[in-house]
Structure formats: structure tokens, C-alpha cells
């Protein structure tokens, strides 16, 4: 039996009939005592989080819940909700679209900050050039095609990081790295290219010690909230097989 | 332009460059102030939640985060994580499987409780018979194929509901309905068929006034945590194209 | 070992190192000899198909490959393709949306035809009323919100069924049932409500002896072709995080 | 209106009420005349295919329909089918898992063959070393963890390519490239590392002029057949919330 049982190994959950333990904590001790954000951290990271660090993490989760139905994932979830599927499918439709482009900027920004932090101030310009040589001209986490001049979520999140750093809960080194990138970009372009939501939540995830891929993982949990809210609202509005534009519009045929 | 803009209507989010408002609240006021569970409720239900009611909701979200890799959704998410896809796809794989059978018991239990509550004590037996005539022999939210005699999450959650009812935060009528079902089932079978996690979280969702389908919706948010944790752990363990059983096993061919 | 191997049982495929057999046929005998449509039927239905019946099945698969980017599944697949995911995710996004409303009409029409066939001519009106009492006012497979007066695919498919019936390859009873529904609808409404693609492919699937749910299953295979074609074309067009409408449009906020 | 219509542009499909044209061909001309495989090529590639080239393409589609329930995508589709979701969701679950590792070998092999072809015989060893420096030690399309010594699909497919090359339908240069890789690998390792299904279908796709990503796209269409067949068979077998191993097994808890 052991080869089969060993095929599925986990340190997340232990179970016997009548007993469930999550990361070593009986589930009935978490229920009613631990917050949802704290439980997320505990389950995924395998260690508790509390105090100022827990509040930072919760702020990052809250900040990214929604960006409206012009985002392809939200639009797709709303369209799915009119196609005769369950709410779970509507959510899955949207989460499945949070790929390297739609959901990956936070992940990439964490990686970028680690490089910038390692390069130090004198290596900054070179580190950014190296990044762009590998990944293309845009730095993840900076600039926004809609929120100009400023993404309102970013300064608020950075302010919380600063406060946490002031009380010693986090080191603040990745906030510094992110601001160095922002300053360098502004110098290069001659105008501000401010940090956006992905850049700001990446600061938090980096400060908290999350591996870069989890920045995307946590973003998925956060944006799932918006996906559910929009799918549910769409169900209330009705509609069947909702297309992207009103039925009176058609696409442009550009074949021969 | 108005017909196009009107095709996408929402009361969830309002936006201008530099400004995001969620259910009428500036996003920067939510960040750092609202908990993640509170934000979920606000966004989905369109109204704030706080105090004992917020704690109940948070407890329901915490309770259902994971049930281990024997659950098909968790196993599938772990297998997906070894197939060369992003964490978002691993989560979406699992959420997509939270259908009527795997994720729908809570939704059905909320509907059942409403019927039982409407039928009153004298109509209970008739209400359960009517439900079974429509939906089959099993009542959603009661009994567990693994946790015998008791699902440890259920009494803990019911205790929290009782406490909230004692302070007047919820009415307690759906807790009463659920216990009436439990008693009736025990009388019919001559042995306990205790409430399970779905039955208990359904009590909370019913007490809080959630429409039944949102019991599934919120379960999806909760279980997404386990999906992420397991997918991430699997990535750490490695593996490529992980199958359901060790490679030495094969299926039984039962064709001619 | 047997309990584990027996947990996964199949009559579809048998395998040893160096040997693969699909429904009892060595894979190397299928490759280069069997058509793709024939192989689909063999694998799913477990029996070979050939001649006029195979051509009918192939026609049904060909007919439903695409209906353009106003269909929510196609739009979602194209949007997904701009989000940094693989072509497989773009396809999965669209297939996941082929639910009871977007992909279920064929499945429902097969079930309807079976009822109409069983009721006979004198029971037709009663059978339709009973269906509508259960499922609502619209009969699956008839009428089209865009193709007025006629969905060009339906008469072509019905003509192929008639030809196959004339040579005895199929019985033609479900074509008769479908036309009886069409005539009854026209009489009730005082104007034609012609059969659409779902109604016509359902005739084929019913004539071939497919269980109703496979009408949706085969539709998924067919429409996957359009999903792939559109996702691939979108990648060629470029775009990042393509929303449903041009960026200059925004949604209407209808909150307080 | 034009900015909205132009947002969705396609050369795949043109439509007016009562008229549908796919790649310039009226749909009613395809129905009953074009094979399903030919229609797939037409829709995705935008050009007709026929004769020996069409037969090669069809052979590649047939070859990859299934590899049994030890493949994670097939297992996941079968598990999904027991969770109360539609057949479309079962298929989507599996297709979503055909990522870079589970579905990407064909795509990578097409790219590899192009490099090998460009390098010529004298550049072969250097080309393979360069590939491995970028992508890791395994060459896509060669070797199989189960089918030893030979994947029975590969020589059959290569034989068809050879026959098509003999009659001038394809050039045969990518078959030569693939065999050169196979010979080089055998020389390096001192034992055969034979071409597998991905390597062989990649030869076909390369010979036919498909861009590399479409090797994965077409594989998705092919494997969707197995996903549907297995999901449907599982529904017939019954089961609710089917886990990866029999319920008597549990995972190994390896936490502290």
C-alpha cells in the first residue's frame, strides 16, 4: 500500500476519520480564530503570519479583487455565466486567463526586485538593461494604460509597506528597490512611469518573502473575488450567450 | 457609444483614470482597512458586513479551504501543476470541477433549509420526502463517507452560529432547520447521519441571507486556497505529467 | 495491486510497452487507414462506423466548427490568446463555456426528438406542451436569433439525412420527428420557426443512435476547431489583454 | 460603429443572416463534401489541403487521440465527469492540462527540426548542444518512459511520410532531420532513443508547413477525442467525486 499512498504526499493536511489538521493545526482551532487571509498564508506558505505582516498580506489581497469588465478575465466570466454553466465554471474561466500577460506582472516584478536588490544602486541601470534584453522593453509593474498619471492602489499599498517597515515588521529593501526602478524609469523617459498595482503588490510579496510564482497565485485568489461578483451580477441581469458587443454589431471580415 | 457601454453594466466597480471605486467605496479606503473576507462579501453581496456576521462568514471561508488530495479537484490541480502550465491553470482546473456533485452540496443545502424553514416543524417529514422525490435519496449536507461519526468542522461552525444567534447577530432559524433535518434523519435511519461541512456552512450562508448559488460561489473561493497550496507544494516536489497512481500501475482493460 | 488497477478501468484502450490498441484495433492499423471522424466515433461509441453513416457523422462535425466571434466561447478564446497562455488554454476556455445554454441545445433536441417519436403524430402537440411545461417556452433546435429566415446549415444537413435514409443507411424517423416539430411550431405561431444547426445535427445524432449527451460532446469537438482557428488568428493579430470592446469604451456604472 | 466592429476582425468566417462562409467557402459546400480533417486544416491554416497531404494530416490527428488514464489529462477528465459537470467541462479540464510539458513536445520538436534542418548535417551536433543548453537535457520527441523499445505510432507515421515524399507530396527534409537527430542521440548514448509520437507528428506538421505552436493546437483537437471517450465511459461506470486512488488509500502526510 505504501507505494500508492506515497505517490500522494503532502505536508498541508493530515486526516483521520473525525480529525482534520491543516499545517499541524486542528481545523476547529482555525475556524473562528484565524482570519481568511491568515489561513491562506498558513496553508500556502506553511507558516503562520500575524500582526503587521498579516495586515500587509491582507491589503495586497484586497487591492486586486477587481478591475472591471474591460479586463478579459472578468468579461469572459460574465459571458460564461450566461452560457448555462455553474458559478464555479465562470470563475474557472477567468482564472484560467490570468496567464503570463494578464496575471504574470506581479510574479515578474518580484523577480525583477530581487535582481535590483542584488545589483545594488550602482548596478541598477545595468540590471534593468539586462532584464529588458531578456524580456522585452517593458518593465513589469510600472506604467498603466488606463490609470494616468497614477494607479490609486499603488501609493496606498506602498504607504502601508513604509509603515510596516517603520515598525520593523518588514525590511523595506524591496520597497526601496521598486522606488529605485521607478526613479530610473522616470529619468530614462523624462516623465513618470509610476508603479502600478502589480508593482506594488509585488513589493509586499517580496517583503514578506514569497517566491515570485506565488505573487501570481495570490493574485488569482484575489481576482477570483471579482470574477464571482461579476458572474453573479450577470446572472441577475440575465442574458443568454452574451457576446462581447451588442448583437447589432458584427465583426469586420478581413479575408479576401 | 452608449449602446456599447450599456452592453456592459455593473454596480460593482466604477472607474476613471486614477480612481477606482468598489461598491461605492474608494479602493484606497478598503486597502489597509477592510479585511479580505469583508471585501469578498462587499463585492459579491453589494453591502458591508461586520462584527459577528463578518466573523461567521470568515469562519465559513476558513473551514472549507482543503480536504486533501483524495478530492478530485485537489488531485487534478496537483497533476496540472506537473504539466507545464501556470499556477492559475492549476487553480482553474480544480475550480472547474466544483460542480453539482463536488461543490454543489452547500448550494443545495441552503435551498433545503429554506424549504424546511417554510414548512415548519409539522411539515418537516413531508418536506424531506418531497425533496427526495425530486433530487434522490441523499439529503445534501448530511453524512460523510470518510468522517465518521462526526465531521469535526460542523459542530464547531454550528457553535459559532449559536453564539452569534445568542447575541442577536443572526436569527438562528436555519440552524434550527438544519438540526431538525439531522434529528429527522437519525429517527428515520435509527442512527446518526450528522451534518457535514457543506451542511454547516450552508447554515451560515442561509443565516447571513445569501442566495443558495452563492454557497457554491463562496466555496469556490475557499477551496481555491487549497488548490493553490497543493499545486505549489507539488511544484516543489517536482514530477512531470504526474498520473493518478504510480507509473508501475496500469488500468484494467475491460474490453472484449 | 488489483484494487488500484481496477480503480481505473476502461474498454477504450489497452496498452503494453510497444503496443497500443484502441477499441481492440492496433493503433498502427488506424493510422493511415481510418479517417479522423471515423476514429472519433470508434473511440467514443465503441463500434466502427462507415459508408453513408460515417459521412453523415462527418457532416455534422463539419457543420458546427465555427459561428464567429460574437459567440461568447469564440470571443473568450480570442481574449485568452492575448493573456499569455498556451493555445490549449485558449481552447479550454471556450470549450468550458459550451454549457447547457451555449452548447446544450443539440443534446436537448435529441431528447426532444425521442419523445416526439415515441408520442407519434397524434401525441405531438401534447408532447411539445409537456416539454415546454418542464423546460420553458423555447423548443431546442428551432429558431435562430441571427439567421432569418433560414440557418443555411440545417436544410443542407437534412438533405444528407434524407439521402442516407433513401439508401437505407438510417431510418429517417428522427428527421420525420424534427419536421413534425417544425410544422407544429409554424402552425402555432403562424410563421416559420425553422430548424437551426443544433436541431439539424441532433437529427443526425439521433438517427445514428447517439445518446443525447454525446450531441454536446461531439459539438465540443467540432467547435474546438473554431476555437483553435480564432485563437491562432488572434495571436497573429497581436494584442495584450484584449477586452471585449475597444479601450476607448467603458462600461456603464449603474450603482447608486 | 466601425471602431467596435473593427475590434473583432477575422478572415475565418463571414456571415449575414442566412449566409455563412468559412475561409471563403459557403458552409453548405463544405457540409457533405469536405472531410473533418480537411475542414480543420482549412479553418486553421486558411488554405485547402487534399490528396496525400490531407491523408498525412489526418494520420497525425488519428495517432494521438488517446494514451490511457495514466495520462494526467485523461484521469482528470474522468474525475471531472463524476463531479456533476457537463461533458464540455470534462473535456476542458483535460485540454487545459496540455501545457508545455504534457502537450508541448510536438511544438518543441517542430522548432527543433527547423533548427536541425537549417544547420545541415555538419552542424547537427552543435545544433543539438545549443538546444540542450537552452532547454535542458532532453530532446523533445525522442524517448518514451513507457513504450520501450519503440512507440508503435512513430514508425507507422514515418512510413506514411516517406510514402508521401516518394510521390512528391512533401519534401521529406524534416523526416530526414528527425532521423538525423535519432541517429545522433543513439550515437551519443550508445543505445537507441527512438522517436515517439510527438516527434513523429512533429515531422508531419513540419513537412506540411505548420508553425510550431499549431503542433500543440492540433494535438489538443486530437486528444480531445480521448478526453470525450473517457469522460463518457466514466459516466457510464458511475461514481461520485472519483479520487485518484481507491478510497481505502490515503496520502502520506510528510509534515512535521
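Observations, loosely collected:
Letters A, B, C and D name the chains as they come in the text, with residue numbers starting at 1 for each one.
Operating definition for what follows: contacts are C-beta pairs under 8 Å (C-beta built on N, C-alpha and C of every residue); 3 or more make two chains touch, one makes a residue touch a chain.
Quick caveat: nothing in here was measured; it's all calculated off a predicted structure.
Counted as hops between touching chains, the shortest connection from subunit B to subunit D is 1.
Across A-C and B-C, it is A-C that has more C-beta pairs touching.
For the self-contact between subunit C and subunit D, the two sides draw on mostly identical residue numbers; the shared fraction is above half. Between the Cα centres of subunit B and subunit C there is a gap of 32 Å. Centroids built from CA atoms put subunit D at 22 Å from subunit C.
Taking each chain's centre as the mean of its C-alpha atoms, subunit A lies 37 Å from subunit C. Contact with two or more other chains is made by residues 4, 6-13, 15, 68-70, 75, 85-86, 89, 92-93, 96-100, 103-104, 146, 244-245, 249-251 of subunit C.
The touching residues of subunit D, when paired with subunit A in their complex, are 1-2, 4-15, 23-24, 85-86, 89, 96, 244-245, 249-256. Taken in their complex, subunit B has these residues touching subunit A: 3-4, 6-13, 15, 17-20, 22, 26-28, 30-32, 34-37, 39-40, 43-44, 55, 58-59, 61-63, 65-70, 75, 78, 86-89, 91-93, 95-100, 103-104, 146-153, 155-157, 159-160, 213-214, 216-218, 220-221, 224-226, 228-233, 235, 237, 245-246, 248-249.
Those residues of subunit A whose C-beta lies close enough to touch subunit C in the complex are 4, 68-73, 75-76, 79-80, 82-85, 89, 92-93, 96-104, 145-146, 240-245, 247, 249-251.
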